[in-house]
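One chain, chain A, appears in both complexes that follow, with chain B as partner in the first and chain C in the second.
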Partner chain A sequence: MNWPLAPILLPLLTALVTLFWGRSSLPRRWFVAVSATMQLVVALHLTADTVLGRTFVLGLGAWPAQFGIVLVVDLLSAIMLSLSALITLASVLYGYAETSVRLEHPLRATLTQFLVMGINLTFCTGDLFNLFVAFEIMLIASYALLTLEADDWDIKHAFPYVAINLFGSALFISACGLAYKLFGTLNFAEISLRAALLTGDFRLHLLALVLIVVFGIKAGLFPLYYWLPNSYPTLPIPTSALFAGMLTKVGVYVLLRMFATVLPHELTFAHTLLAWLAGATMVLAVMGAISRNFIRGILSFHILSQIGFMVLAIGFFTPLSLAACVFYIVHHIVVKSSLFLIGGVALRLNGTDDLDRMGNLWKHTPWLGLLFLFQALSLAGIPPLSGFWGKYLIVVVGLQEREYWLVGASILASILTLFSMLKIWNGAFWTVSNSVPLRTGDRRWVGMTTVVAGLTVVSLVIGFGAEGVLRIAMQAAERLCDQQGYAREVLAYLGKAGGNLSP
Partner chain B sequence: MTGPQSYIFKTVARFLFFLVNVFALYLLLRGHNFPGGGFIAGLATAISLILLSLAIGLEELHRVMRFDPVRLAAAGLTLAVVTGAAPMLFDRPFLEHFDMHFSNVPFIGGFHAGTPLVFDVGVYLVVVGVACKIIFALGKSTQRLRALVAEEEARYSSRVEQPIEEEVRTEPEPAQNPTIPDAT
Partner chain C sequence: MQLETALLIGVMFTVATYLVLQRSFVKILFGFLILTNAANFVVLAMSGRPDGKVAPVVLDPQSPMVDPLPQALILTAIVIGFGVAAYLVFLLYRLFLDQKTTNAAELYDEKESG
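Take a look at the complex of A and B:
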């Protein structure tokens, strides 16, 4: 009965134990790795159960759904939980390969687990205010991680991140107030029932716009993304992979949840706005990526450009486009994190990630080059790799909807993505230069590459098994849009009021 | 972060320390059914500690308290989580609470006790720990003391880490205040 809680409770307990454990040591590392593996197993178990049509509902404190906070795990939540557990595990293992036990920051494991707890709570919650709490846990942990192993320069770039996200939180709590005034409840299921009666009310549109701004800041939509591309490169590599993979996608997930499950589907103005903002995001951000000349900077801008694709799919708002969005999220999280990790290996080998001073990687470490090729081409959308299918579906929906400008923008963004990936390829892998040192003597890169190889295998499986993944994504999107079904499942939880506590 | 250098202030602050804490205890116990609870009680206790630090100074306070605020907060969080998770062992939902009414207790009469109080104590400890940590870290930075004492440094900082304010900290101290101890 308490299964939806496991993805939240496990990271929390792990964080507490590591906090008491103090200094980093080998047993402590094993403990965190085992816990991360267990989280992955639990998340996969939840996914396996939800694929079969089950939805987990848990009222905290056994209060009925109308009065208490409910945790709801449906298929989309379970998929997101699995992805977050996978990326966390990869980031933890990569961190172990990269840093010796003696030099590991003792708080990194703790804060990462708190961050994961916030992320997972965002995916599980069925309550708007609880969502705010989850965001706060996630953000505060991310502020701390951003400035944990930082110097003056990093702090300077962390400042806009903290400032803008604090503003976003203030706006979010205002939106919660607005929603409560409007609906008299903050429970997603009840909001969805009551909002259906308010269709056409301008206050509903206002709420939708405020929510677009709030989650647009978090996801990194066009006019609101300037905090991201300078702050992510300052992070240590494993943490930046976790941030790049999960944090912005939390914003996309919440946009999906809000517009598909909670708010009425007739908010066409908000959907159109989302689509055009997304179009602007993908083109402008990919141009930003071209303007950068170091790997982490290029990749940070690419996060935003890819967010554009996902939000464009939400903006089209057809069942197929929402499935495409889910597929794209799955593909993107794995690919983007592994690209950051590959960038980290290249940085370790060359001693820099400034493309002008890199080189020789293809000649001496072809395996790394191969991994990079798979993931970079997948990001750009070359068939049959995973990125192609998501983009293909989005373009198909765009053509169906006759949004030719937006389709053109997405194709332009894909070509420019390919261009900037080739820039990394030429600068770091293909250049042969005698003046560039290659530190293959430092054997740490082998372990780091192994972790990336694991992620690459996952991404290749997504690409070659696209049909199966797409079928699951379709099911997730279908259940995401089924407001009546969602409300029925959640409100059926009576807790204490029903006497019968088994679901 | 030291307050006015007056005997009256120091004496009153020490006296108030106990008064505020008794009030905090009252808030904590009352919180189940009335306004109050662990959060506000924790803030009251944190205020009493800040007041005490104004009277006797941060370093002296650390010597007297002998606890690490982060660990206090972590202990509180553990207590709260364990209280919340305990019903799960009996296949009940997370965070479900139970209470009992005792009647005819000698000297008190009837009273009401329940697991929410344990949870509230956890919240109380978290708030005390976090509030103290934040205020003390800010206070220390204004006095150019290091944010972490030696024991905390062993737990919460990396071996390669350097304080960010290193340059500020090592510049020559102003002449009119020569008694600041060496921060290493």
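Take a look at the complex of A and C:
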């Protein structure tokens, strides 16, 4: 079955076609929208198939799995692919509603598709070096998007982002080298089998620590997150929603994959380190959010604080906490992106997203307020919205593990999240002031709000159908941890030679 | 060979870190170039001692070969590093055009930018 190739091939082809299509026009827009929809359909199809217990393994070049490059789509990968397709579609449609054809930068669609290709390759890849390549595709596209429509003030904030990611890439390639020396292979399945024999070797711990730094930079863990809150707000709104939803979560996904599927489960030191870094991230980032006074700045810090929750769940490292992590990722990607998009609508309506100079939104656009209320309360973790269930499970696991300080930190972070969401609510929606202009005459906000409404419905479905989503998350986490099963599935791929290696 | 390679990698990482932390754009650029190459050296060193081995081209099936995989890996990494370096040059040039400075400290001076 060649299906695992589709989530990579479709964005690549779309990017190439749009590159040569040139100027943006209505047919070009339709083409990208149809392609994004098709990507969503393919990803949902993969999810529907993998949820039944299948794992797709595709060897590129039809070499046996040990020697060639393999793409592996298991349930978690398929879930992540669906989320990335969903957010891309929302971002594309929102961009159409926001910008007229004439003003749209022609390269935005192209670069977005390259970015999606990198993200999807990260989710599908089955070996460490290919993961590096996927990261680089994603990063180069993200550098370009960050500077594409930047003015001279924005461009200053692109440089720290590029610099820290260059450093991360150098470290990543070194980690690939270390892993190759240690295991003699870079294939995830093979590594998981060989690493089991090396438990207790300090080099394995060293590798785990290097990987924490590499993916911690990408995810935005505590000492490594300073690049994020300044660079994300400079992006155009639809792109920033895509970045906020997907890019840091790619880091979390890779941490999950590495620690649950690839490396042995006995790396207690690394897990504890992850948990405490996550605790620090949650509290410090939410304090950063409180210190900011413009919507996109506050939301950027909240990305980091929420990353803390997900990584904390990885750090606890029990089957239930990993399921909670998967659930949290699903919830967070949808909610975070839609909050960025809502912030964008508010920015359009008020002409600014500085909370001191906003207001009147609740009075004139109650629907937007309602959407914000749902998503903001969900982010803070108010039942029965989607954010509550993930947080609840993480707290339960924390209490079981007797990590009272970390549980306390997570509850504190939730309360402060609620506080800073209320700050946005008070500043932008509740305040009634005559000096604030409200541009409801500009009808673009209706289309933009409709897109957000679609995402909100998805997030409400996750919240109210929590039991079903959780069951899928449990299954995903179970299969993620099943190293033997993963290795068996992947190494069963023998390619065209049928496992016969002699020429 | 292994010790010398390890020392070389150590020196390269040190120099790269030092340069990246400098203020001048040109030094930062060179720092990143050296950093990428130092990382490539790490991977190359993982193919083990090359003494008594032949290049990974099968002419004589009897003689031992150097492990070809790290070389294939850094070939990819070099190409990627080249692309990113080109991007970095343009980013720094654009920063220079916009901000009229090649000094990173001036660029992020809070008082000046307001």
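By our rule, the second predicted complex is superposed on the first by the 498 of 503 C-alpha atoms of A that agree within 3 Å, B and C clash if a C-alpha of one lies under 4 Å from a C-alpha of the other, contacts with A are read in each partner's own complex, and residues count from 1 in each chain.
Criterion: a contact is a pair of C-beta atoms (placed from the backbone, for glycine too) under 8 Å apart; a residue touches a chain by one contact, two chains touch by 3 or more.
Here the structure is a predicted model, which is why all the values come from computation and not from measurement.
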{"item": "First, second, both or neither for A:Arg443, with chain B first and chain C second", "value": "neither"}
{"item": "Which superposed partner A:Arg402 touches (first chain B, second chain C, both, neither)", "value": "neither"}
{"item": "Contacts of A:Glu149 with chain B and chain C, given as first, second, both or neither", "value": "first"}
{"item": "Touched partner set for A:Gly495, first chain B, second chain C, both or neither", "value": "first"}
{"item": "Which superposed partner A:Asn2 touches (first chain B, second chain C, both, neither)", "value": "first"}
{"item": "Which superposed partner A:Ala163 touches (first chain B, second chain C, both, neither)", "value": "second"}
{"item": "Where chain A meets both chain C and chain B, residue numbers", "value": "152, 155"}
{"item": "Residue ranges of chain C touching chain A (in the complex, touch as defined)", "value": "20, 28, 32, 35-36, 38-40, 42-46, 69-70, 73-74, 76-77, 80, 83-84, 87-88, 91-92, 94-95, 98-99, 104, 107-108, 113"}
{"item": "Chain B - residues contacting chain A, complex", "value": "70-71, 74, 77-78, 81, 85, 88, 91-97, 154-161, 164"}
{"item": "In the complex with chain C, residue positions of chain A that touch it", "value": "129, 132-133, 136, 139-140, 143-144, 147, 152-153, 155-156, 158-159, 162-163, 166-167, 169-171, 173-174, 176-178, 180-181"}
{"item": "Partner chain B, residues of chain A touching it in the complex", "value": "1-2, 5, 9, 12-13, 16, 19-20, 22-23, 58-62, 102-107, 149-152, 155, 495, 501"}
